[in-house]
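These notes are about the structure you will find just below.
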Amino acid sequence: MARFLKSRKNLVGQAPGAMTFIGRKKMEKPRFRIMSYDEKNFREKETVDAASMLTHLQKNAVNWINIDGLHDHKEIMEVGMAFNLSPLVLEDIVNTDQRPKVIEDDDNLVVFLKQLTYEASDHSVHADQITLILGENYVISFQEEVGAFFNTIRERMRQNVGKIRTSNSDYLFYRIIDTIADNYMLCIGAIGELVEENETNILKNVNKEIIGKIYNHKQEISFIRKAVRPAKDVTKSLKNAESKLIHESTRPYINDLDDILIHSMETIEIYYTMIGDQLNLYNTNLSNRANDVMKVLTIFAAIFIPLTFIAGIYGTNFDNVPELHYKYSYFIMWGVMVTLAIVMLLYFRRKKWL
Amino acid sequence: MARFLKSRKNLVGQAPGAMTFIGRKKMEKPRFRIMSYDEKNFREKETVDAASMLTHLQKNAVNWINIDGLHDHKEIMEVGMAFNLSPLVLEDIVNTDQRPKVIEDDDNLVVFLKQLTYEASDHSVHADQITLILGENYVISFQEEVGAFFNTIRERMRQNVGKIRTSNSDYLFYRIIDTIADNYMLCIGAIGELVEENETNILKNVNKEIIGKIYNHKQEISFIRKAVRPAKDVTKSLKNAESKLIHESTRPYINDLDDILIHSMETIEIYYTMIGDQLNLYNTNLSNRANDVMKVLTIFAAIFIPLTFIAGIYGTNFDNVPELHYKYSYFIMWGVMVTLAIVMLLYFRRKKWL
Amino acid sequence: MARFLKSRKNLVGQAPGAMTFIGRKKMEKPRFRIMSYDEKNFREKETVDAASMLTHLQKNAVNWINIDGLHDHKEIMEVGMAFNLSPLVLEDIVNTDQRPKVIEDDDNLVVFLKQLTYEASDHSVHADQITLILGENYVISFQEEVGAFFNTIRERMRQNVGKIRTSNSDYLFYRIIDTIADNYMLCIGAIGELVEENETNILKNVNKEIIGKIYNHKQEISFIRKAVRPAKDVTKSLKNAESKLIHESTRPYINDLDDILIHSMETIEIYYTMIGDQLNLYNTNLSNRANDVMKVLTIFAAIFIPLTFIAGIYGTNFDNVPELHYKYSYFIMWGVMVTLAIVMLLYFRRKKWL
Amino acid sequence: MARFLKSRKNLVGQAPGAMTFIGRKKMEKPRFRIMSYDEKNFREKETVDAASMLTHLQKNAVNWINIDGLHDHKEIMEVGMAFNLSPLVLEDIVNTDQRPKVIEDDDNLVVFLKQLTYEASDHSVHADQITLILGENYVISFQEEVGAFFNTIRERMRQNVGKIRTSNSDYLFYRIIDTIADNYMLCIGAIGELVEENETNILKNVNKEIIGKIYNHKQEISFIRKAVRPAKDVTKSLKNAESKLIHESTRPYINDLDDILIHSMETIEIYYTMIGDQLNLYNTNLSNRANDVMKVLTIFAAIFIPLTFIAGIYGTNFDNVPELHYKYSYFIMWGVMVTLAIVMLLYFRRKKWL
Amino acid sequence: MARFLKSRKNLVGQAPGAMTFIGRKKMEKPRFRIMSYDEKNFREKETVDAASMLTHLQKNAVNWINIDGLHDHKEIMEVGMAFNLSPLVLEDIVNTDQRPKVIEDDDNLVVFLKQLTYEASDHSVHADQITLILGENYVISFQEEVGAFFNTIRERMRQNVGKIRTSNSDYLFYRIIDTIADNYMLCIGAIGELVEENETNILKNVNKEIIGKIYNHKQEISFIRKAVRPAKDVTKSLKNAESKLIHESTRPYINDLDDILIHSMETIEIYYTMIGDQLNLYNTNLSNRANDVMKVLTIFAAIFIPLTFIAGIYGTNFDNVPELHYKYSYFIMWGVMVTLAIVMLLYFRRKKWL
């Protein structure tokens, strides 16, 4: 299956608002989790359907609704209606091949992002779509898959550490995006370390596995870039957004997000260039090796072919070859041959082939 | 015939408004189809001339006029006059080598696009020009060729599924462009899959068909890009258009179109880069193979040329070659030769040529 | 002489307004042609000096003054004074190495362009400067050389076909630029066809003429681009110009011009990329051929060098070589040799070198 | 450890404002230095904790507070509170992998930069983060490491040379950045000199150390660029900043800074291109060498293989080889061989292989 | 010494306004020349110090002060004070590694440019800094070196030819810049001609001098670009400058300057691309040659190695080799050999290796 573009065959000609799940794999059941908090109170519930989850919504608190698993369209639609989401947004939540983007409407600020996970076992990066919806007193997050991704945030909320419990929904919203962005950095760093490690091997080694590795790194970096580049546009939009949902006190944090993503993109570009350099270096080494092989061949050929020729001369069966009958001819021939060989070796040494 | 630029020889110096058909192939007869609908009523007619088609136009309904086949200029002109189209627009409809673009005038919003079709048999992509004209209560679509392209939309209209029958002409207009854009994604995905499939073959294989394939993919991607890039400009224009013909309720859909086309372009770029990498990889493999060939040659030469030389020495006919007469000389020679060969093999193994 | 930059040695330090002709070749005499027309009347005169030409100017009609040949500065200056052209403009008309540009002053809109002609005989493109001056009731065109370039327009004017005779001077102005732009398309198409033709040859062929051809095409495309790129800036300026000399009714035509030039530039870029691909393909083929040559060499060497060695062994003159005296030794040797050769051939076949 | 991206593993999910030091190495103790001055007075103190340092702060003078060593968060936070710095800024001061940037708030103008030091011993460049905070009557500088970096400025202040003592805090602020920028130029110049030196070696030499050197230079230039490019954005921001902290009299100096950084970037790009050229040149030389090796091989093979063949012919033991019995056959053979060899040599000379 | 960045070692940490001369070479004494003119009068004086030069300044005339030689800081400073130049500007005049730029203050418009001189003897281009200061009734020009650069202008002034004597100081200012720009064109043209000349040699020739030449041209073009690119920014700034020192009548001339510099940059880019193509072409030719060498080797080896093998067979000393005793064996062997050689030659001819 194409990795860079999820198959859309069954989408052509469909009405927008028709929700088709095209994600990586389906969980058996979606899972709903709601956390309602203010400075003093904190409630946490986990349910298996939208309806019962919605009953736990607190009017005077900030609510974080997290939905894991997107294939049950009925449930998603129920959430959508409760929070006044447009059909287009619902479609995009479910169709998980969206380009990261921001959609702003009257009640909500919707952000589509990719969350990246680095698989250490095979040095690969995977992407899952995450949709964040910021409302007056709620944040909704839709994830393709259950993950331990935001556990640090949740733990800090439960233990009331940091600013989240004393802030509005927009700060939580920021914290979630910040976690995603930090993770981009982690992934870039992980691939980057592999790239930098390769650096030293490449000058010594020209076996074919290295070339495969280099192209692998290139593809992973390219895959990360596909997620990060539009994410940079997202943070830029957020930075410039005039939505009343983002309070003045949260603005500096959003600006900081933007800096992190610019930094990410620049680092990606640097690794991209490094990989390009490694490929060139590999090819140069290959040529160097080819030259070495050829030199060995040429030295052997240039020394022994003339000597064999001389031996061949005195292997002829002419009746009259005067040299054959002189007593020391054979030794003289050896002398000539050794001299010739030494001369050739000196010549090649002067040419720096030896 | 040049594929990337249709021949224009007979156009130079011609007055604008002079209509010259330069399309791919001509149908025998153009076909006119008109569908008039509102929420309750739906009428559909097919005629062979413009005049009779125009009699079916409904004032109080939305009319979708579809014209297949563009070589009969008289008919096209008749349609043009009925809907107040400028001569320049009519010329561009017929001259099917237009760059995708938007033209806005008082009564109409005219959009020129390419519709792409992927030919699975030879993995190629073809482009036909489609012109869409949005008016107050009508959409006109001009196609070079009859195709099943919009059948899904038509079927949904007939069965009154979805929002079309309850919306204005601008929503139909959007749906047609959306179908075209979805098709871009399909074509990109089809070529993209071929590109990604190639990936694994390339590391193992250096036969010459692969290089042909890679360049084929490159050209198809390039061909798709030629259609998609200006289409992105079109959707951007529509997004920013202030035409009163596009109602506020349709705006979010238009914005979504723009996102799809940006996504398309980014995916195209990624495949472009991948193809470039494949070419480099192919060349690197070629060099690797050349090195392998050379190593084989060098190993054979370096081992056997010296041995042959030794044999040559004792094939000389000198009267006085003391070694020849010693009883075990021949076996000693064999011993020396085998030793030499083994030394060479060890040397080459240490050099990792074996 | 440098083709991409006409020699300017004698211009340094000269005052502006000093007119120096640096064009391709000089006609013996400049030629002046004036056509005055309105809907009903049409007069055409040809003279050899500016003064007599100016007497034919019609106040109440549109006048098209065409001057072929730019080396007679006195005549050019006379025209300049009659139409109030600034010395800088006059200098630029004569110094035919101007970058295409627009100059707007109170009375005139001056456009400098290159007109391209494709020489089918040697597949090359030539550029001549053309200067167009739009005034209230006149268009003046300065050409380096007499050409049949605008004959189609003239013929249509004489026979009163099309809109020219019924329109203002700005429409004629547009038609002249349109003809030039159409010609760009023709030149691009002509070179483009050569480029596309090459495509198929390149996979089969690596003779050295092809590489020369490819670089030729590249240079011609590059030469065309040098003319078209700034022309695009010119049409963009015209599109955005607020000059009262361009009437509202002519605006859509000017916009269309801009589209044609954008289309031209995009096509140029596509062919540029194709040429780059062809060069890479050529180089890849070259490597493929080198590999083939090396394989042939290696196969011959690897098979016959060991066999020759064996023969050499039994050509030695040792007194005691037991094998020599066995009756079937010679045939056994043959058997060993044939076996060895077959083994090698199978080995090379498995390696896909055969 | 990844050089281009400091490890951030322990940062993910952390709250902003949580200060984690990720710098190069830790000093045992941070060092605080405060210099208070106006035109007449100058006081200088060095302390080991923030509290005692703050007691030396002069209200009516300009204060330059320099902090070397950033791992003691408690102390940093104390400084932060004294000058009303936001937690985000404090975090960024300590987390020394910030992209250079400007943060403006009500009381302070905060600038994050990299200071580069060129290590002559191994031709490498190191970067340390420096944070500058401009307030009404103070400048605070945070450095990762103690360095002699700003000693020239300090010496001039002590001796009351130049404009610093008679100017406001913004001039000191400018002077510090100017010193950093001058140092960029120094680093670029140092690497640049190595690059230009290489130029001449490269045409003569193809040993493998040179290729390593070239890639080293590339990486150092790339490393410098990583610091300078965002610094250019910083100076541009300062140029356009409307902060009341920068007085009109200091503006021209800030503009000058911007010019220096544009100049730096352009020089970096030139060296980048030069390095690219050197790599290509190296590869071209490699091919040239390969050709030379092959020519030697071919000449030896082409001359001696046919001669050996001839000798082989007369080494055959056929009963009836008439030539063998002619008295001068052997000498004739020599004659033929020498002639053949000369013909071959002439042929190769004509081909310019000799 | 680094050519692309003059050494700045002794500048780091220095106060701005400290003037350090880092130019190419020092003249023994600076030279001051003052020309005062209006339509009727013209006075010209040459002095060796600033003070006496300043006494010749005419209030009611335009004064052109030219200073050759910049190492005597005291004199420069005296001029600076007389015309109210800021210390920063004075520093930049003397420190001759400035990036071309414009500085505008209340009384003066200061322009820093490079003047290029083409050294025909070694095909190299040199750059010297020139600083131009435009005031109400004066133009001051600072040059690193005495040169005949502006002699054409001076001669025209003395003989009262052209517009200078009748115009304000801004026209003189324009004329000086125009002369510099014309000289850019000359330098580009000179190198360009060398580049175009190379074109034809490159297809025929692969000797190593050509590769050196190509890189030389590249570096000269790169050097020119370093001066011209920022000069384009300068003319653009002048075009948009709102300084009251530039009168309306001089504006069109300034616009023309801008066009010349855009044209220069475009031509530079074209030559840059051409050089890149030449390098690729050279490398392709190199590969072609390598293939040719290999073909020669392979043909010799493939023909003679099998033949030598055959001869070797009949050189063996087996007791029983039946063929040896047949009377015509030797001649049959010759026949087989010749046939084999012909077959091989035909095979290679069919492969187009011959």
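To keep things simple, chains are lettered A, B, C, D and E as they appear, and every chain counts its residues starting from 1.
Quick note on the criterion: a residue touches a chain if its C-beta (ideal position, glycine included) is under 8 Å from a C-beta of that chain, and two chains touch if they have at least 3 such contacts.
These numbers were taken from a predicted model, which means no experiment stands behind them.
Peer 1: On the document's contact criterion, could you list the chains that touch chain B and likewise touch chain D?
Peer 2: Common neighbours, chain B/chain D: A.
Peer 1: Would you pick out the chains that touch chain C and also touch chain E?
Peer 2: Neighbours common to chain C and chain E are absent.
Peer 1: What's the rotation angle, in degrees and to the nearest 5, for a C-alpha fit of chain C onto chain D?
Peer 2: To map chain C onto chain D, rotate by about 145 degrees.
Peer 1: Please tell me the distance, in whole Å, between the geometric centres of chain A and chain C computed from their C-alpha atoms.
Peer 2: Whole-Å distance between the two chain centres: 42.
Peer 1: What is the distance in Å between the mean C-alpha positions of chain B and chain C?
Peer 2: Computed from C-alpha means, the inter-chain centre distance equals 26 Å.
Peer 1: Can you list the chain A residues in contact with two or more other chains?
Peer 2: 283, 287, 290, 294, 297, 301, 305, 308, 312, 315-317, 321
Peer 1: Chain touch graph shape: choose line, ring, star, complete or other and state it.
Peer 2: ring
Peer 1: If the ring is traversed from chain C in the direction of chain E, what sequence of chains comes out?
Peer 2: Sequence of chains in the ring starting at chain C, next chain E: C, E, D, A, B.
Peer 1: Could you pull out which chain C residues touch chain B in their complex?
Peer 2: 150-153, 156, 161-164, 175, 178-179, 182-183, 185-186, 188-189, 192-193, 196, 203, 252-253, 255-256, 259, 262-263, 266-267, 270-271, 273-274, 277, 280-281, 283-284, 287-288, 290-291, 294-295, 297-298, 301-302, 305-306, 308-309, 312-313, 315-321, 352-353
Peer 1: Which stretch or stretches of chain A touch chain B in the complex?
Peer 2: 1-5, 7-9, 11-18, 86, 88, 92, 98-99, 101, 103, 207-208, 211-212, 215, 218-219, 222, 226, 229-230, 279, 282-283, 286-287, 289-290, 293-294, 296-297, 300-301, 304-305, 307-308, 311-312, 314-317, 321, 323-330, 333
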